[in-house]
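First chain written, first letter: the chains are A, B, C, D and E, and each begins at residue 1.
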Amino acid sequence: MTKLKPLPSLRGIAALSGIAMFAVLLLAVAPAVLSDHWLNNLGKYCCWAIAAVGIGLAWGRGGMLVMGQGVFFALGAYAMAMHLTLETAGDRVPGFMVLYDPLAPLPAFWEPFRSAGFTLAAIVVLPVVAAGILGYALFKRRVKGAYFAILTQALAVALATLISSTIRETGGDTGLSDFKFFFGFVLNDPANKVMVYLIAAALLIVCLLAVWQFYRSRFGELLVATRDAEERVRFLGYDPANIKLVAFVVSALMASIGGAMFVPIVGIITPAEIGAAASILMIAGVAFGGRASLFGPALGAMAVGWGQSSLGSTWPDGWTYILGLLFVVVILFLPSGLSSLPARFAAIRRRPAEQPTPPITAAELEEVRA
Amino acid sequence: GCGARAGDDTSTAGASAAASCVDTSGSTIKLGFLNSLTGGMAISEKTVSNVLHMAADEINTSGGILGKKIQYVQEDGATDWPTFAEKTEKLLTQDCVAAIFGGWTSSSRKAVKPVVEKLNGLFFYPVQYEGLESSPNIYYTGATTNQQIIPAMDFLASKGVKTLFLAGSDYVFPRTANAIIKLYAAKLGIKIVGEEYVPLDKDDWTSQVAKIVAAKPDFIFNTINGSSNVGFVKAYYDAGLTPAKTPIISVSIAEEEAPAMGHEVTGNYASWNYFQSLKTDTNPKFIQSWKAYPNSSGVTSDPMEAAYISLYLYKSLVEAAGSFDVNAVNAAAKSHTITFDAPEGKVTLDGKNHHISKPGHIGQINANNQFDIVWSSDKFIEPDPYLEAYDWFPADIRKQLVGAAG
Amino acid sequence: MTGASLVVTDLHVEFSGFVAVGGVSFDAHPGEVRFLIGPNGAGKTTCIDAITGLTRGTGSARLGETELLGKQVHKIVRLGVGRTFQTASVFDELTVLQNLDIAAGLHRSSVSLLRARRGVDPSIEQALEETGLAGELATPAGILSHGQKQWLEIAMLLVQDAKVLLLDEPVAGMSHDERTATGDLLQRIAVKRIVLVVEHDMDFMRRFATRVTVLHQGKVLSQGTVAEVQADPKVQEVYLGTAGAATAAAMAVVPEAVAETLKLTED
Amino acid sequence: MLEITDIEAGYGRTRVLHGVTVPAGKVVAVLGHNGAGKTTLLRLAIGLLKPTKGRVLFDGEDISSLAPNKRVARGMAYVPQGQQAFGQLTTLENLQLVADGRRRGKALIEAQMARFPALEKFATRKAGLLSGGQRQQLAIARALITEPKLLILDEPTEGIQPTIVAEIEQTIMQLAGEGIHVLLVEQHIGFALEAAERYVVLASGFVTQTGDGGLAAASTVRAAMAI
Amino acid sequence: MDALISQLLNGSAQGALLLLAALGLSLTFGQMGVINMAHGEFLMLGAFTAYLVQQVIAASDLSIPVALPVAFVVAGLFGLLLEVTIIRWMYRRPLDTLLVTVGVSLILQQAALQIFPSQGVPVEKPSWLDGQLNVLGYEWPLRQLFTIVLASVCVAALSAWLKYTSFGRRIRATVHNRDLAETTGISTRTIDRLTFFVGSGLAGVAGVAASLIGGTNSQMGAQYIIPAFLVVAAGGIGQLKGTIIAAWAVGVALSCFAYWTTGSLAQVLAFILVIVFLQVRPQGLFTVRTRSLA
């Protein structure tokens, strides 16, 4: 019976060294070789990747197709953006508000975001509470599958519309932008831009480590079990709602962190970044990379982000087609995403030889587990 | 190591970041065109992109700018404001363009603004907008409020309009424009009997039009943008409203939009600075070139004309400055009188606020979806983005706005 | 510990007017293999559904002092009531080991859930041996055969340390030898637990039942030892069949069974 | 009628059947332990699974690549293992589904309802709400309505009360008597052998024994299966 | 009171349009389980078809009646194409159909943007729809009445098709268990294709109706897709009756919210309303329960 024991730890080492390599690439190599512009873009992809890692957990492992991660992305992003806006405005009411009601004070809900501590806490607490309440309500009522997907998407649409229509309170469709400071640091300073990038990259690594531990834990197995046979899990004495809730809340938290870092890096947040299309684009990266794998979601999100920046420039019409085709081809032919490719190739090469005990690759095990 | 903190002297940091990489050594000069070619606003912005290409071709045929041929980099803003910001940064730092032309919605301009200001780049914005802005790094070739909204209100007052209903898309331009309209209407003694907004991407106006029917206004002031106009116009005629009794005056329906309404809109009005029907010396040639240009829509309109102006204005600026350098260009704007014989007439750049003078026209739509000009300003209207010449605009708002912007 | 008994009193289950279970009472004690039989649609599965909280029932079902009716499914399981399903349901994508590990995890703290599994619980190893699934440890449960899945389900109940096992047709689709093996297993585990089996295989019932309750149209038709129940003419009429041919066919599993059947009809 | 020769088949990369040949016969019983591959063999016969090697002939024609519904149209009928019914449809609709388009559709349904009274009783109930045994009866009725030439039965008496088991077994015998061919998987070896003209024993996807039916074969079969 | 009547009527018309948009989904999503995010683009195809028909038959009085069946066929054929090339491989992974069709919808939108004038094309209302009907003092636009009539006709035709032909049964059987359906002699491929054809075709019809209300351009489909899905979900999967009630309720709610709050807030409130409703009744208005554990 002990013969199975080495397996998880072996995978552990493989995955850990993968994360370590990733960390070196992001934290050491990238700042050294990339131009400011591309480093900043990479920072933006890291933010999407952080959200994507969470989606991988909720969707890939937990089977909850979260089509409205924009909602949680928004919580983090707007909390951060409100703080940065106030930091920039100083004692004044932010510029955009003046026009609509020049004499009115700052809306009450903005006030606490003057505090850096409150803002940081809000970035963590808001998504946890929101996802907690929403998830509790939905999972206890056993809302799942397409219903869950469409409901969450509808929420993202509703929130984006709400923000668009509250121009004085939130900046509306134009969003919040033109931030000068980041917790006391001047944002225009290239050195500070690098620092902000490094924070985002480091947070991505932390999130990867977190889901790595989730996946190798019993909770990870339980989550997969819940995904595949929720009712059966109930008959093992667990409440599947709680299991899903944990994954959902964690994924919401990650989306919020991604959103929060998006703001200083990109310099603007608008409802379009959190609405239906944006939420779906987050899913695209995850599907592309491999929804249930460890690295797939992050790499997929980065690839889609890069595609948008670079192909979207050189060939804008084409990029839309490519993005569309990406969805079709990946989901149709590679449901486990690009990260399942190595295992597939390995399988093809192995077949003629018919080796009785093929070497188990991490990715392959991943595929079986997915 | 960490960079500058708040309170540090940031002038050095800012300047070092903005060190320009524009290459002026060769026989060409790179310019950036930034328009939404995909997404919702592609509906409007593709034409602007296309006319920019036409202007560039024309300038190249006639010898370029300072003898250098324009080599443009076309970018897609994808109807996404952060993308506008990102592409602006890319155009300035990666492609090293000397100036950027494009944008449509005010939101896209507001996304571009901090980036061009940070990197000390140039952005030429061609669409009528809500004013209350003036950036050293942006040139505005579309109308500010006193060149479009205020003439429209003057026209309404001259027609004896007593009650007005405001219908707009739910974003910064209509909201701000309507705020200004309300201030001016109070002064003119026009009563605002209703104000409705619908999201940019929603077409269904039936409920709101029902309110208009109930409010029975003399006129409707329409600040709706994009295809939502179609829904508005359809609901308007469905409800039995007619230009004879409840006419509409629009600020975003031009020659290109009018035939796309799916209902003849004859008899309604629009306020613009340029109409295809305008009789100027330069207009016929402009119309002719455009009709001949590949993929053209066949009709000319105000925003595309303003985009056309923007490239020529830049040419004049650079040639006056004798340099592509941003500071030199800005200095030339101040020290020289830059003019351009535009299809709308001879426009003059205001070197201080970076807007141009424009004639105000009100057109009434005829059966060919062209505009019969029914009212014109007596002369070119000098741009006044902060409405400083208008006493009804509260000084404290102006002060706060300028303060918030600075 | 002597273990509490399962006592069902006057259980009613109604589906929009249709009475599926209409006042059923029975009890089951540790140490016995209790059988619940009856014609198709008699309400056997519904009884189990009601006891385990899957459907709403009225009346009472107590495990010792604890009332089960009205509790949530997972809470009932946590009280030690486990069940299998008429159509096997295991986690197809997980391996046999992972299936069992999850079943064993019920009493783990939530913090330990966040740690990785190290090695295999002794209870799991034991359950694997008991059910003969040891060789399938790393097989994804989805590709097990029908019968193997049923064993896996029983194994899951074992590692879950259920005090009450409610088994809905656990040997359906098994060959004779496998039935025997399963029956032996049930007898072994019943020593310390309550085992309630729903089955249509009369040969199996005869060999392993201690006591039998016969349901018919949602009511208890007869109750007693195997012999008593078999002798009950009402049971013969609605369930076992009296016509010679039918009985012979029903019982003709193997020649020995035929012999036994003949004995039965002579009674 | 149905000939299955030297079949190899499986799921994905796992091969389940290895060179299986099923003898011809009016009633053929397939016997074997859990997981031996019996269901796989029947799925192959009805076309839910395509062989990687070997041929399936029906009436002398190769139907290896024919879709299941085409096979049904040619006179095959299949009762899968596990009491399968269309849960969202009522009992009656489940039957109408197969009776639609048949000339004597109504009469065929009535005949089956007479055979299985529970179906008549619960005609308007959703099949998903029926008891397991009721669903199995429904599945058999559904197959019989198509008036098949070949009936493929996967453990048809599993989960059915003894009186009805007897009824089903009688039915099978009777159908066989009427000239309908039957391919039968059954754990009740006694009955299976009694009904069968020929039998095969499967073990781990290999045929370990083939022979003529009849109760006499019981001891050899049991011996073969004890391995 | 007057306002209430006007918004009830307006809302009913909005509901009718939603119903038209949702009707096809209640087939492809409700019955087949396919989450077709390109449904909005099929609607767009219907609208563009109306435009093209109007180009051919200049008399707009006739063009709309002609466009309706043509749009049905055109959108239906696109749906069929989608089914044959992509959806057919996805029946065992229903949730994934959502993502694939998101891709298809992106492609169709971009293609429409490039093929047709980017600012959209005009579709004109026939002159017999000019005018209003006086209902208790409210001048109700005839065009709204037309939408309601059209939706009613479609609902009647669809339910008759499902009820009086064996089709409804076959669709449901196929969705419930493909293998089993196949082995009971149902040609699941034919069922799939036909269902998808009809479901998509209905989107085309909805598109013609939508082209009379708003702009006909590449973006038009996007505004219908989520509300339509919410309507189907709130009505209860595969429940025509529920879909009708839900569409009407959402339409009236939207219209009333828009009247008493603002156009933007109305969208938000209507969405929240449905989301909360689905939280209370996760299976929608009408439900079918089974005992299966799935």
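Here is the rule we use: a contact is a pair of C-beta atoms (placed from the backbone, for glycine too) under 8 Å apart; a residue touches a chain by one contact, two chains touch by 3 or more.
Each chain and its UniProt protein: A = Urea ABC transporter permease subunit UrtC; C, D = ABC transporter ATP-binding protein; E = Branched-chain amino acid ABC transporter permease.
Predicted model only: the values in this text are computed from it and were never measured.
Listing every chain that touches chain B and chain E alike gives A. Set against one another, D-E and A-B show the most C-beta pairs in contact at A-B. Averaging Cα atoms per chain gives one point for each, and the point farthest from that of chain E is the centre of C.
Taking the mean Cα position of each chain as its centre, D sits at the greatest distance from chain A.
The distance from the centre of chain A to the centre of chain B, with each centre set as the mean of the Cα atoms, comes to 36 Å. The geometric centre of chain B is 75 Å away from that of chain D, both derived from CA atoms. Mean C-alpha positions place chain C and chain D at a centre distance of 27 Å. In chain C, 89 are the positions where the chain touches two or more neighbouring chains simultaneously. Looking at chain D, residues 129 sit in touch with two or more other chains. Counting partners per residue, chain E has 110, 222, 262, 264, 267, 291, 293 as the residues that reach two or more other chains. The touching residues of chain A, counted against chain E in their complex, run 65, 67, 137-138, 141-143, 145-147, 149-151, 153-155, 157-158, 161-162, 164-165, 229, 231-232, 276, 280, 283-284, 287, 317, 320-321, 323-328, 331-332, 335. Residue ranges of chain C in contact with chain A, taken from their complex: 52, 72-74, 77-78, 82-83, 89-94, 97-99, 101-103, 105-106, 108, 112-120, 125, 137-138, 140, 156, 160. Those residues of chain D whose C-beta lies close enough to touch chain E in the complex are 46-48, 67-70, 72-73, 78, 80, 84-89, 93-94, 96-98, 100-101, 126, 128-129, 142-143, 146. Every residue of chain E that touches chain B in the complex is listed here, in rising order: 2-3, 6-7, 10-11, 13-14, 110, 113, 117-125, 130-132, 139, 141-144, 211-220, 222-223, 254-255, 258-259, 262-264, 266-267. Interface residues of chain D, counted against chain C in their complex, comprise 11, 14, 31-36, 39, 81-83, 118, 122, 129-134, 136-137, 155, 158-167, 169-170, 187-191, 194, 215, 218-219, 222, 225-226.
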